[in-house]
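Order as written gives the chain letters A, B and C; numbering starts at 1 within each chain.
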Amino acid sequence: MLANYAPLIVDGLADAALIFFVAVGLTLVFSVLHILNVAHGSFYSLGAYLSVVIGSFVAGRGWPVLSFFALVISPFLVTVALGPLIERTLLRWTYGRPEALQILVTFGLFLILEDAQKLIFGVQPYSQDTPMLLLGTSQIAGIVYLNYQLLLIGLAIVVAIGLRLLLKRTGIGKLIVAVVADQEIARALGIDASRVFMLAFSLGVFLAALGGALASPTVGVSPGLGAETIVLAFAVAAIGGLGQIEGAALAAILVGLARSAAIYFMPEFQPVVPYLVMLAVLLVRPYGLFGSIGLRRV
Amino acid sequence: MMPILSVRDLHVNFGGVKPADGVELDIHAGEIVAIIGPNGSGKTTFINLCTGYVNPARGSILFDGQPITNLPPRKIARRGIARAFQIPQLFTGHSLLENVMLAVAARSDIWQPMGPLDREIYREAALRILDLLALNDAADQQTATLPEGLRKLADIAIAIALKPRLLLLDEPTSGVSTAEKTPLMDTIVAMLRAERMTALFVEHDMDVVERYADRVFVWDTGRVVASGHPREVLHNPNVVERVVGVG
Amino acid sequence: MLGIAVLAALLPLAVSWLGFVFTVAIGKGLAALGVAILLRAGMISIGHALFFAIGAYAIAFLMRDAAIGELVTLFACATLITAAAGLVVGAFMVRYRGIFFAMLNLAVSMVFFTLLSKLYRLTGGTDGMRVPTPSLLGMELSRPAFEQALHLIAIAIMVGVALITDRYLKSPLGQALSAIATNEVRLEFIGVSARGVLLVAYIASAALAGLGGALSAVAIGHVVPEFSYWTLSGQLVLIAVLGGIGGVPGAFIGAFFLELVRTFAVGFAAEAWNAIIGISLLVVIFFLPEGLFGLLQRLETRMRGRKS
């Protein structure tokens, strides 16, 4: 019986993988900088668009294998171009200022990036599914799966473990944990919090753009992707508890499976399923599964 | 006569620390009671417990015979307990007068969407309270810009404006210069007597305690270790050693 | 305020299409006023287009399915419906503050957008619904005559709403809003429920946005899912911020300003309108913390100073 649901589960987990990338970036930035970046979804869509453009370019030139390269290089390009720039100029100005300003700044940034994307990449929807086609399919226990989906799930696990190792084992990770735990004390100990902020923010941008790039072969890109994504990423991060990385992972799985189930059983509800889950969770646990009231900036 | 405030077996646990470890006391209507004790003994926690800011793990608090043990601060305030804070808590976007008017309006009925806050009855009541604490000159000043010395008084004014039956003051004279302590406490106590308010104040200044308190409770490691008339308690060598410290 | 109303009434007699712009501006001004009310409590709703859309679609549904064709009745019903929605949504929302509150509002507005776009049979999907010309107090008017009348009605609504909102903001409940922003804990300690105060404000802000949406629906003659889209929410936030936290008139002045700029910029900057809004938002935040309204107040004080 379970085997009948295997495709649903794999679809759900692959969806969850993409959601995880963008949601964990959002929640990570929140936990370190105490900023919920409304423009986070725009990094996702920029990563997707760039990856499609580069991928189409190389595929058109007769090197389809390089479309994988596009998936990898796009997040780096987006991060390098925007990460430190935005953190240094816009975000730094908001530290220590009332939270309302922070919301307005990131919201303004969101508006700007959405239109910038339209101006750069146009309003036509694109798709570039070469990487997905290239990987082909596998048959496991009589059911056919897209290898690309399996790759996504594998990558998500790698990233999740990688983040955990980064935070617990590496030097820079320990700096981040220290700053998250208590900024004042961290600074007093001589930790350069500004550098940590910039790194954490850039990592968040990278994760979002990576999610977008990896998603682009499966769904393609169109204007409005950024807005859809930030709302979804927020819902997932909220379900897990803002700032909680494990929460984001669990929430991503929950939402991915829920969406997948909806597609199979009640397709009209599919777009609103994540928000119904969010509503249900927040009614019972107002700050998410692993969240707590202390995470609000006082 | 039933005590106005009755606390039994109050316990609270903050991750291994017990700021309340079996607190028991009774306060009678009209009394002015002082709480003294070393830092960290749980005096402010006690006020937090009585005003609903913190919920006890065990025990009961009765106000006028009615349990208020797990009520939120809002409901406790409505029942007639007002609190002044150690670090003044003011509405920094409003003037001093508006701060007090808000409290006056809250006492009567804030759910009036159409009349202005700045109406004659509220204004008069607020000015009267400011007058009591000699704050009239600063009435129109934004509380965000009030000098340090007046912020404490402003905080107390807001609490008084609620016309509470029980007033809890957390270190009312801290930050006040020695010369001004007496006039301040004279004013407050006179008002308390006139309005027949019961009051409890946390204090570190033993002269203030001796002069103004009807009774003193001595706090140490989360519980009441001694109580009685100031003259007895404050000259008890054990108390002096534990609480007042060396010299 | 009177000056602006007189001006607004006179202009369209000279340039008929400006009348339309002003009516739409008043619609957005009403919604932005809703955002501004919440801003008083330090809360930013970046999804207020939700209630704008509810009010607008309420008009469309009332006309199509409830056979209500009279303007005043329509406005009253739409406002009540949106207020009810505000109560339901607000009861959940007022537990939250800051960015959580902001994002939840955005999320709900986008979910509503998706529903409006997908439920084709009910809402006309992405094509939206038509809003035919309603009657006015029993009178059937030609479209041009109706538009003139609507324009005057919009001004009357603006003035009426401004007066009522001003009184509300000066009342204890309204003043308690800024107390929430400055010291919510103390407010609770004087016996006032912050959630209660916020819920009233939220319902009021929803009703305002709904009335604004209803007005726009009738003026434009058509409702589309984009009425709930984040782009409109962005404009409303900018107008509210431009108007400054001080002013009720500020929201309308900001709305007029924005609509005028948009009308003239649509020729060459339509594609980048959101970016312009975003940049303006950043500029206003960085350089004009009190918003446009504050700027006008300072100019006024300076002028008065020069006279004396």
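In this text, contacts are C-beta pairs under 8 Å (C-beta built on N, C-alpha and C of every residue); 3 or more make two chains touch, one makes a residue touch a chain.
Values in this document were obtained by computation on a predicted structure and should not be read as measured data.
Undergrad: Farthest chain from chain B, going by the mean of C-alpha atoms per chain?
TA: A
Undergrad: Using the mean of all protein Cα atoms as the middle point, what chain has its own Cα mean nearest that point?
TA: Smallest centre-to-centre distance to the global C-alpha mean: chain C.
Undergrad: Cα centroid separation between chain B and chain C, in whole Å?
TA: Spacing between the chain centres: roughly 44 Å.
Undergrad: Between chain A and chain C, what is the gap in Å from one C-alpha centre to the other?
TA: 32
Undergrad: For chain A versus chain B, what separation do you get between their C-alpha means, in angstrom?
TA: Distance between chain centres: 50 Å.
Undergrad: Touching two or more other chains, which residues of chain A qualify?
TA: Residues of chain A touching two or more partner chains: there are none.
Undergrad: Give every residue of chain C touching chain A within the complex, in rising order.
TA: Residues in contact with chain A: 39, 42, 44, 46, 92, 95-100, 102-104, 106-108, 110-111, 114-115, 118, 229-231, 234, 237, 241, 271-279, 281-282, 285-286.
Undergrad: Under the stated contact criterion, what part of chain B meets chain C in this complex?
TA: Contact set of chain B toward chain C: 51, 72-75, 77-78, 82-83, 85, 89-94, 98, 102-103, 105-107, 110-118, 158, 161-162.
Undergrad: Which positions of chain C touch chain B when the two form their complex?
TA: 167-168, 170-176, 178-179, 181-183, 185-193, 196-197, 200
Undergrad: Could you please specify the touching residues of chain A with respect to chain C in the complex?
TA: The contact residues of chain A facing chain C are 35-36, 38, 90, 93, 98-105, 107-112, 114-116, 118-119, 227-228, 230-231, 234-235, 238, 242, 268, 271-272, 275, 278-279, 282-283, 286, 296-297.
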